[in-house]
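Chain nomenclature is as follows: A, B, C and D, assigned in order of appearance, with residue numbering initiated at 1 for each chain independently.
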C-alpha cells in the first residue's frame, strides 16, 4: 500500500504552515508581540471572525453560500448590546428566534429549490434593516458577563488563543466526528445518495443552517464583548472574511469538503495578515492594496506547499 | 519636550475626497513637524475597509508598535471603546476627531454636527421666509454623524415650522448614490424649494434636479470644489444664492497638535470644539480660489492655533 | 413455494410520453438470483427504482412477504432488507468509506459508531473481495472508480442490524476487471446459496448466465421472456432482447501497420506508448493501474487550453460520464454537437439547421432512443447517454479517438454496432486508443499495451493478444 | 392557460413582473410622474445592466466564479479616464481607450491570479480589488475632475425620450445575448459552467474561454465606470461601491443559474429596473431606513420564491 497523507490531514497541514510562517514574520518585525499580552492583542478580534467562519463553513458544507453573514452578525451584536443587557430574557428569546429563522431558511431553500445566494442576499437587507431599527446610531453596551468572558485572563495562554482552540475543537467534533456532521457533509457530497439511504435531506439542511445560526450568534455576542458596544454596520466585512477564511482553511465551495480546524486557522491567518501589514509601514496610498497583496501571497503559499506535498507524494 | 515621541494616525476610510484631503494635510503638516524635530514620527494608517472591527485591530497593533499617542478618526463612536481602553491602559494618549469616540479616557475634538444641521434650516428661513417643502439627503444609515446632522435638521424644522420635509433619501455621502436616490423620488415629490444635505451630495442632487427639468431649489452645499464651482456658475448666470458648510479636513492637523501638546505635559480638557467651515455668498470666490481643483475647502492648523483652542476651552 | 420478498404487480411508470414501465409483474423469491437483461432504455433501472422504493409506480401494486403495501417508500424497503447498488456513483465522494457506511446504515448511531461502522464494512469487504487493500479511513473521492464500485458492493452486502435479504445490483461489474468481477459473482452465488436473493442487471451476458438462477428479459418497458437460467443460451438472450444476432465478435483481418505514420505517442516511465494511423490500440491490465491517466495525458498533450484548434488532434469518449462526460443542463442535441461546433459554425455563429441535421444523422446511425433530440439529456437511460458521448466524439474530425472504457452500460446490440463503426473508421485511417475492462473488447484491438502500477508492462501484438497473455502480463511481478 | 404556463416558466419573467409592480405602485399610490420615473429608472438601471452583464458571464462559468473587483475597476477606470481627458472634448476617445485598457489589464491580472496561482476567483478578485482601489487613490488622490462637456451632455441627454445611457446598455445587451445564444463562445461558457472536466474533454479551450470571460467582465465594468463618471459629473473614489452587491443581485434575480451554465440577458433588465424602482417606491412612501431595508429584502425573497421551484431542465 502506498503511504499517503490523508486528504483531511493535507487540508489542515497547509493552512497551519502558512499561519506559522506569517506568525514568524510578525514576531520578527515586532518582537513585542511575542508575549501573553501581545498574542492576545494580535488575536482577540479573530475570535468572532473564527465563529463566523465556522458558521459560513456549515452553510458551505451543504453547497450553499451565505451572503448575509456580516449583516446577521451585526444584527446579533445590536441585540446583544441592547436587549441582552437590559432584558436578558427577551434578548435570549430573540437570539433563539433568529436561530430558528436560520433553520427555517434552510428548509425553504431546500423545499423550493432556491439559490441560497439570492435568499441570503435578501436576508442581508432584512438583518441590516432590523439592526438599523434597533440602533439607529451606534451605542448600546455589552452585558457585563459577556465583557468579563471576553477579557478573561486564563493562565498559560491568553483568552484569544484558548477561545480559538476551543472553537476549533467543538466545531471539529460537531462537523467531523458526529453523525449529524457526517450527514450534513453527506448532503454536500451527494444529496441523492443521502436521500436514497432514507434520510431527510430537509432535516439535514435545516440542521446545518440552524447550527450556522448558533455559531453566528456566538460571533455577534463575542464581538460585542470585545468592542463593548455595537452599531448596525459593525460586522459587514464578515461576509467576505468568513468566506475567505473557509477557503484559506482548505474548504471548497461545493462538494461538502470542509475543515473546521482549517477554518479557524484561516480566520487567524486573515487577522494576522492585517497586523503584519501595519508593522510593515507602507505608504498610505498603498496600504489598502497591500492587504490584497498579502491575501495573494498567503494563497500562493498554499499553492507552493501543495506542490511540495505532491512532489513528496510522487516520490 | 516631545522630540522622542511617536504619534500614529488611525484612519478608517480613504475612499472620498474629504478623507484624501485630510490625509494630505496630515502628511504635509506632520512631515514638517518631524523634520523640525518636534516629534520623532507621525505615521498614518488606513484600514482597507470602513469597519470598526478592522480599526480596533489596527489600534491594537499600534499598541504593540509602541506609539506614544494615537490620533483617531473613528468608524464608530462606541465600537472602538474596547480597543481605546486597551490603549489608554497601556499609557497611550488617544485623541479622537471628526469621528469621535465616547470612551472617557480619550480626548475628543468634536464638531457640533447637530448645530451644523440646524444652521442649514436657519439659513433657509432667512432666505425663504415663507417656507415650503424641503428634501433631505442623508448619509449612511446607522452611522453616528448621519444621525446627528439629521437630528439637527429636524430640530431646525421644528424651530421654523414654515418648512416641511417632504422627502428623505440616503445618499451615503456619495455623489452618484445621492444623484440616483434623488432621481428616484423626484418624480413623486411636490415642488421643492430647498435641499438640506450632509456634505458631498449637493452636486449630485443639483444634477438630478436639472435632469428632471425642475426649478432649481436652494441646495445647501458641502464645501466640495465641484459644488462650489457649480454654485459659482449658477451665481454668475442667474444670481443663485445658497451657503455651504462642512467640517474642514485639516482638523486632523489640529488633532495632531493637541496630541503633541498633551504629550508635552499640557493640561488639556477632554472635550474640545472646533467650528465648522462655512462658505457664504460673499466669500465664495475667495474660498473657491483657495480650494484645489476637485478637492475640498480646507483649513490647516498650526501649533499656535492648537494652543489657542486649548486655552479657550479652559 | 415460500412467499416472495418483493412482488411487483402490473407496474406502470411513464415519463411524459415515454412509457418506461408498461405493466411489469415481477416476484423475487428468497434464495434466487434473478438476472435482468434488456437493451438500453428497456426499463431495468426504472423497475429497480420501484422495488427500491425510490419511485412510486403510477399504477400497480407492491407486495412484500405476502402482504400488499399501500405506503411503500425507501424506508419501508430498507427495513425489509432491500439494498441497492446503483451504477452511477452513489457514495458521497467527500466522506470516508466508514462515514459512507454510517450514512447507509441509519441505525448505526450513538457513541462509538465509527468503530462499529468500520467493523461492518471491513467484514463485508473482506468477505467479498479477499485480499483487497482498501483503507476504510480514506476519502471515497481518492479511490479509483473500481475501488469505489467495490466499496459500494460491499456496502450493499454489509450487515448492521437489519440483515440484507434482497440485493439489487445494477451493472455492478462495469468498472471492475475480470478477476474482481469473478470475486463478486462468487460472493453472489454464496449469498444466494445461503438463502438471500439478488437481482443482477448486466450487459455482460455470460455473467448473467453463470450466476443467475432465473433470467428475465425486458424490452421497451415490458417483460418479454422469463426462463430458468439453464434454459438460456447467450444466443437466445440476444435474440430475445431484440438485437440483430451477429456472429461472435471477432478480430478483423490482420493488417500490417508497421509502416503507417505514428499518429500519437507518449514517452514516459516503462515502454513508450505509440499508436499508428488507422490502428486500434488497446489498453489493458487490472483496473486502476494508470490506463485512464495515460488517456488523460495523451489528451492533455494534444489539445489546446487557450486557443481553439482549427483541426482537433484528439477526441475523447468518457467512461465516467457524470464526471467528465455529459452536460447536465443541456439537451441531447447540444450534448452531441459540442465537440464539433467548429464545423457547424460560420464566423463563430452556430448554424442551427446544420447542427440539427448532424444530430439527426447520428441518432439514426447509433440508435439513440428518444422521441426528440431537443429533450433533456438526463431523460435518457444510462446506456443511451453513453451513445451520445460516442456520437459526440465520432462526429468530430479528430484523427485520434481516445476511449476510456466507453462501453459501460451499453447493451449488446449497440455494442456490436459500435464495434462495426470503429472498424470502419479505423479502416479510413482513424486511430483508436481504447481502454476497456472487458476482455472481449481488448481482444478486438490490433495491439495491446498491458498496464501495471502506472506504467506499460507489456506490449502484445497480433495473435499474441489473448486473454491468457493479458492476464499473465497483468499479474506478472505481483505474484513474486 | 398553456401560454401562461409557458411564460411563467421563463426565468426572467418574474423580475419583469416585480419591476412592473414597483413601477405601477410608485405611480398610482405614490403619485409619481410616469415619464419622469420611467426615465430615471432606465437611466440608473443602465449602469447596473452593464456591470450586471459582465458579472453574468463570469457567474455562468460555474460555482465559485464571481468578480468582486467590479467596483474598484469602475473607480479606477473613471478616475484615470477623467484625469486623462481633463475636460477636453478632443480627448474623449483616448479617455475611452484608457478605460478599456484598464479593464483589459484588470481582467488579465484577475485571470493570472486564478490560473497561475490557483486562487479561488472570489478571493483572487477581492484581493485584486484592494490593489486596484489603491491604484485609484494613488493616481489622483480622490480629486474630482469634471468630464468633457460633450460627454457630460451625451450621458445625461435623451434620444426620443429614451435616456442615452440606456441605449448604450441596450446595444451591449443585444451583443451579449447574441454571444450567449448564438455563438460558439456562448456554448463554451455554458459548458464550462456545467462541468469543467467535461468541457476540457470535449475539446473546449477552457483556459482561453475563461480568460476572455474575465476580461469581458472587467472591460464592461470599466466602461460602466467611464459612463457613470461622466454622467455624475466626475469620478469619486467610492463611486463603484454599491455596484458590488448590485451586480450580483441583478444577475441572480434575473434568473441566471447561480450554479452556472445557464444565463439570461432579459432578466438582467428586469432585475435592474426592479432594484431601482423598489428603492424609489419605498423612498416615495417616506419610510425610514430600517423599514426600507427590511422591505427591500422581503421583496427580493418573495420574487425569488415565486420564480424558484422551477423544474430543472427547462432548456
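Rule of thumb we're sticking to: a contact is a pair of C-beta atoms (placed from the backbone, for glycine too) under 8 Å apart; a residue touches a chain by one contact, two chains touch by 3 or more.
According to UniProt, the chain labels map to these proteins: A, D = ABC transporter permease; C = ABC transporter ATP-binding protein.
From a predicted model like this one, the values you see are computed outputs, not experimental measurements.
Shared contacts of chain C and chain D, meaning chains that touch the two of them, come down to A. The fewest steps needed to get from chain B to chain C, moving only between touching chains, is 2. Between the chain pairs A-C and A-D, more C-beta pairs are in contact across A-D. With chains reduced to the mean position of their C-alpha atoms, the one farthest from chain B is C.
Work out the mean CA point of chain A and of chain C, and you get 42 Å between them. Measuring from the averaged C-alpha position of chain A to that of chain D gives a distance of 29 Å. For the pair chain B and chain D, the distance between C-alpha centroids works out to 32 Å. Mean C-alpha positions place chain A and chain B at a centre distance of 35 Å. In chain B, the residues touching two or more other chains are 14, 48, 141-142.
Taken residue by residue, chain D touches two or more other chains at 130, 133, 137, 141, 257, 289-290, 293, 312, whereas all remaining positions touch fewer. Chain pairs that touch one another: A-B, A-C, A-D, B-D, C-D. The part of chain D that touches chain B in the complex is made up of residues 26, 30-33, 36-37, 40-41, 43-44, 130, 133, 137, 140-146, 156, 228, 231-234, 236-239, 241-242, 276-277, 279-280, 283-284, 286, 289-290, 293. Put simply, chain C touches chain D in their complex at residues 299, 303-309, 312, 314-316, 318, 323-331, 334, 338-339, 341-342, 345, 348-350, 376, 378-379, 392, 396, 398. For chain D in complex with chain A, the touching residues are 63-64, 68, 113, 117-120, 122-124, 126-135, 137-138, 141, 245, 248-249, 252-253, 257-259, 288-301, 304-305, 308-310, 312. Those residues of chain D that touch chain C in the shared complex are 182-185, 187, 190-191, 194-195, 197-208, 211, 257, 261-262, 312-313, 315. Only residues 1, 4, 6-8, 177, 179, 182-183, 185-186, 188-190, 192-199, 255-257 of chain A touch chain C when the two sit together in their complex.
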